[in-house]
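Since the structure comes first, as structure tokens, the remarks are kept for the end.
Which chain is which? They are A, B, C and D, in the order written, and residues in each are numbered from 1.
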Amino acid sequence: MGAYRHFPVFMVTVPLVCAVLLPFLGYLRQKWVPWAAMLPLAFSSVLGLLLIGKIPAEGYLGYELGGWPPPWGIELRVDRVGHFLMLIVCGITLLALAFSRRYISREVSGGRLTAYYVLFLLMSGAMLGFVATGDVFNLFVFMEILALSSYALVAITGNRNAVRAAFKYVLMGAPSSIMVLLAIGFIYSATGTLNMADLTLRIADSRYSEVLIVAYILFVIGFGVKAALFPLHMWLPDAHSIAPSPISALLSGLLVEVSTFAIFRITFSVFSMGSSGLFASTLDAVGIFAAAAVLYGGIMAILQKDLKMMIAYSTVSHIGYIFLGITAMTAEGLTGAMYHMLDHGLAKACLFLCAGNFIFVKGYRRIEDLKGAWRQMPWTCFAFALASISVVAIPPTAGFISKWYLILGNIKGGNYAYVVVLLVGAILAAVYCFRIIYYMFFQPGKEGAWEGESRDAAPSMLAPVWVLSLGTLFFGILSYLLIPSLLDAMNFLL
Amino acid sequence: MGTALNLTFIVLLVVTALLAVLARDLLAAVIIFSAYSLIMALMWQRLQAPDLALTEAAVGAGVTTVLFVVAIFKTRRREEEEE
Amino acid sequence: MISLVFIAALFALLLYVVANMPPMGDPDNPTNSSEVIERYLEKGGEETHADNVVTGIIINYRGYDTMGEVTVIFCALAAVLAVLGRERRGRIYAYVDRSRVPSSVIVRTMVALLVPFIILFSVYTILHGEISPGGGFQGGAIVGGSMIVFTTIFGLLESSQRIPQRLRFPLEGSAVITFFAVGALGLAGGGNFLTFAWPEIAGNLQPSLVVWLTVLVETGIGLGGAMVLISILFSMIREEEEIAVVP
Amino acid sequence: MRLFHNYHYIASMLLFCIGLYTVIVRRNIIKKLIGLNIMETSVFLFLISLGYLDGGIAPIGIGGADPSRMVNPLPQALILTGIVVAVSVTALALALVILLYRQYGTLDVDRLFRDEETGGEEGEEKGETA
């Protein structure tokens, strides 16, 4: 074991500690803060990239914090899937942060600017920790850092609607955290341990299956609120559409997926499914809600007039997709779900950042106002179109690959109804995405709407958008690099 | 003896929780909540958790209550009537 | 109505769980009989050098949780400041200080006399954390509580001069920073992150070293926690309209 | 009989539901936050009772206390973290309440969210700016 075994803990801890140090820099040199905030995330990204191929043969990289072996101490456990997600988190947070520098200085000022970057780093570090940890209580702690920083980031502009959306988010998020804590209490009472790997062993021969099932249901409800699974999604459209655009990109592209990953983890690593019929029926119920989410989110997205609101509802729909992959319980379905997390993270972050560009340059939020936009903002419009194509799942993009595997997984699992739902969801996505593309490229703009001196957004705001949209294309064409190892990892889990 | 005392605490906890929830005067509700936290601290001492009893007495009954009181002074004291 | 039904159903479900749970207080139930607990209770004293096993777990066995915990309070501070903003510096600004509660001489004198003793008690709580109930955050919360009492009687202006922003500002992150520093120290000794003990290097000094590091971390948590709570309180109390006056 | 023996658990579940009722049904937002705190403490009570041992002593090993009689220290360590988390969430939520009241002049959720349908579109005017 070389030095790389220390990498996971530094990937998680360095952003958190740098967040604490950032106010000092803000006090001395306010101007350097946006640049300095990128350093820890770049550091984490580099460590994450160096870890590629270093995950040992047993399928995970464990790290005993404090040198205490797992059931006594806390363990970080990065398996292939977790590593994959950590890389996504690093990449998207870094791009969103780069985008923030110009964007946020207009919406937020003074001391709050430093607070914005502090909270941003705390949120990124917490997401990494949330994915990496191998201890259920540690999971709760990271979830709380994540939740607190995201509540505040939604409200950071101080705009009255933003504060209200943030409060709505608190009112749903905080009880759900408590439910997760109660669920942790339940599984602790039935097994006497908190380490995930240890839990798997003990749950298998626990006498208290009733307690465990209710614990599982509470976990699903608790993380379901954070992941905005259909009936629990009420906070999402407000929070995602009103937050500043880089934050919307993080919330929609990462937070929701990381929470979904928590359910995935609890389902497959902790409860190691299949031991009891009741678990399976819980998962079936989740599947029904996920299918409802796909349809509901798609229809609501079509009905929206506000661009960011539409993208937010599209997120509700796509969370349904990911859950449908998980409930399929086949390696293909799970691979599709994981690949969809990648694709959805890239595409949604790109769409929200494009919306941010429209708001920043012209102040336009409504879909109507985008008519004829490409004349003035061609770069943003083309990136938007590319990301939309991935959302709709048209071939060379990553969205197609992920949906292909989702459908394949559901066919193998015998859930033909869900296959239909997935296809209908893609049609709905085509309706709401192509409408905007049509407006942008083929409709004449309103008189004077796209005139004036300001051209397309600044290069520092276009670059992240283009990296993300080209990313969807890249991972679509080169999917054979990742799919086999993901399939392996999933077969290993099942 | 021990059980009776525990049961008394539990009854008190439920009663104070209900009162805190039902009181129309927010300040009263917060003060009742403070009493609830103190009883909770005593309960935890009975369960042999002195660390937590100390924490709950300082944080739950102290800091949290004061934060609530500050918030009430910054906003309004009475619950609004039904429309 | 739907929510009432939902809550009733949830309560029934939870009761069903409770009815199927291992009996409370039984030495044989899974929580009390696992080998996790045995090691904590029997070897905790010698492995963490803290007689209070809870402190041993918080600082040593599960130190990463506590590091997360102190990050949570720091995050709460950053969040509250992002939402409400800091109070203005006492020297430059004065304001219509409405945070004072009118009170008699007796109350004022008593509070002024008591606050130092409360702070002394909190110092005791922090430093004695490893052998008696208490520890960093409890002590910090007690300091916070004493400053709250002081603020209600003497007003925000007075108390923000006693604990000025330039004192609080560098100390707010002290909990996370000490934790990280101690953790990195363990790494420097060749162990894992957050390792407190290196028998091969420290030799005979190891027990006292661990105790000192524990006390250091507790102090960091106490100071950081107290400052964060006071800053949150001041930020919530501060008035919006402030008037600049000549000093 | 086991149900009665676990009366601490029942109490914490009851308190949990009282708290959840408050969070969902009561319209005053400060009331909701009190409910949230009741929920939190109830879960803490539950976890601490999990670690209780009949006739146990506090897990502080001074004066040759017998380790086999000590109660389970792990839930206590977890709850200490939990309490800190609870007070942090409460502080942030109350800060939001203060700001909401400044901008809307009400603490009632129904009034707060009444104009929600149009809220997203007219949201350009800035409220308080620091």
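One rule holds for everything that comes next: a residue touches a chain if its C-beta (ideal position, glycine included) is under 8 Å from a C-beta of that chain, and two chains touch if they have at least 3 such contacts.
The shown structure was predicted, so the numbers you read here are calculated from the model rather than taken from an experiment.
Engineer: Hey, which pair has more contacts between C-betas, B-C or C-D?
Structural biologist: Answer by contact count: C-D.
Engineer: Averaging only over C-alpha atoms, locate the centres of chain B and chain C and give their separation in whole Å.
Structural biologist: That pair's centroid distance is 20 Å.
Engineer: So the centre of each chain is just the mean of its C-alpha atoms; given that, what is the distance between chain C and chain D in Å?
Structural biologist: 17
Engineer: Express in whole angstrom the distance between the two chain centres, defined as the mean CA positions of chain A and chain D.
Structural biologist: Taking the mean C-alpha position of each chain, the two centres sit 26 Å apart.
Engineer: Centre to centre, by mean C-alpha position, how many angstrom separate chain B and chain D?
Structural biologist: 11
Engineer: Which parts of chain A, given as residue numbers and ranges, touch two or more other chains?
Structural biologist: Within chain A, residues 111-112, 137, 141, 144, 148, 151-152, 155, 158, 163, 188-189 contact more than one other chain.
Engineer: Mark out which residues of chain B touch at least two other chains, giving numbers and ranges.
Structural biologist: In chain B, the residues touching two or more other chains are 50-51, 55, 59, 63, 67, 70-71, 74.
Engineer: For chain D, write out the residues touching at least two other chains, lowest number first.
Structural biologist: 8, 14, 16, 20-21, 49-53, 56, 58-60, 70, 74-76, 78, 80-81, 84-85, 87-89, 91-92, 94, 96-99, 128, 130
Engineer: Can you work out from the touch definition every pair of chains that touches here?
Structural biologist: Pairs satisfying the touch definition: A-C, A-D, B-C, B-D, C-D.
Engineer: Which of the residues in chain D come into contact with chain A in the complex?
Structural biologist: 16, 20, 23, 29, 32, 36, 39-40, 43, 46-47, 50, 74-75, 78, 81-82, 85, 88-89, 92-93, 96-97, 99-100, 103-104, 112-113, 116, 119-121, 123, 125-130
Engineer: Within their complex, state which residues of chain C touch chain A.
Structural biologist: 13-14, 16-17, 20-22, 29-37, 39-40, 60-65, 67-69, 71-72, 74-76, 78-83, 85-86, 169-170, 172-173, 176-177, 180, 183, 186-187, 191-196
Engineer: Quick check: in the complex, which residue numbers of chain D touch chain C?
Structural biologist: Going by the criterion above, the answer is residues 2-3, 5-6, 8-10, 13-14, 16-17, 20-21, 24-25, 49-54, 56, 58-62, 67-68, 70, 72-78, 80-81, 84-85, 87-89, 91-92, 94-96, 98-99, 102, 128, 130.
Engineer: Going by the contact rule at the top, pick out the chain C residues touching chain D in the complex.
Structural biologist: 3-4, 6-7, 10-11, 14-15, 18-19, 21, 23-27, 31-32, 36-37, 40-42, 44-45, 51-54, 56-58, 62, 65-66, 68-70, 72-73, 75-76, 79-80, 83-85, 131-133, 135, 137, 225, 232, 235-236, 240
Engineer: Residue numbers of chain A touching chain C in their complex, please.
Structural biologist: Those residues of chain A that touch chain C are 6, 9-10, 13, 16-17, 19-21, 23-24, 27, 63-68, 71-74, 111-112, 115-116, 118-119, 122, 126, 129, 135, 137-138, 141-142, 144-145, 148-149, 151-153, 155-156, 158, 163, 186, 188-193, 202, 206, 208, 210-211, 214, 217.
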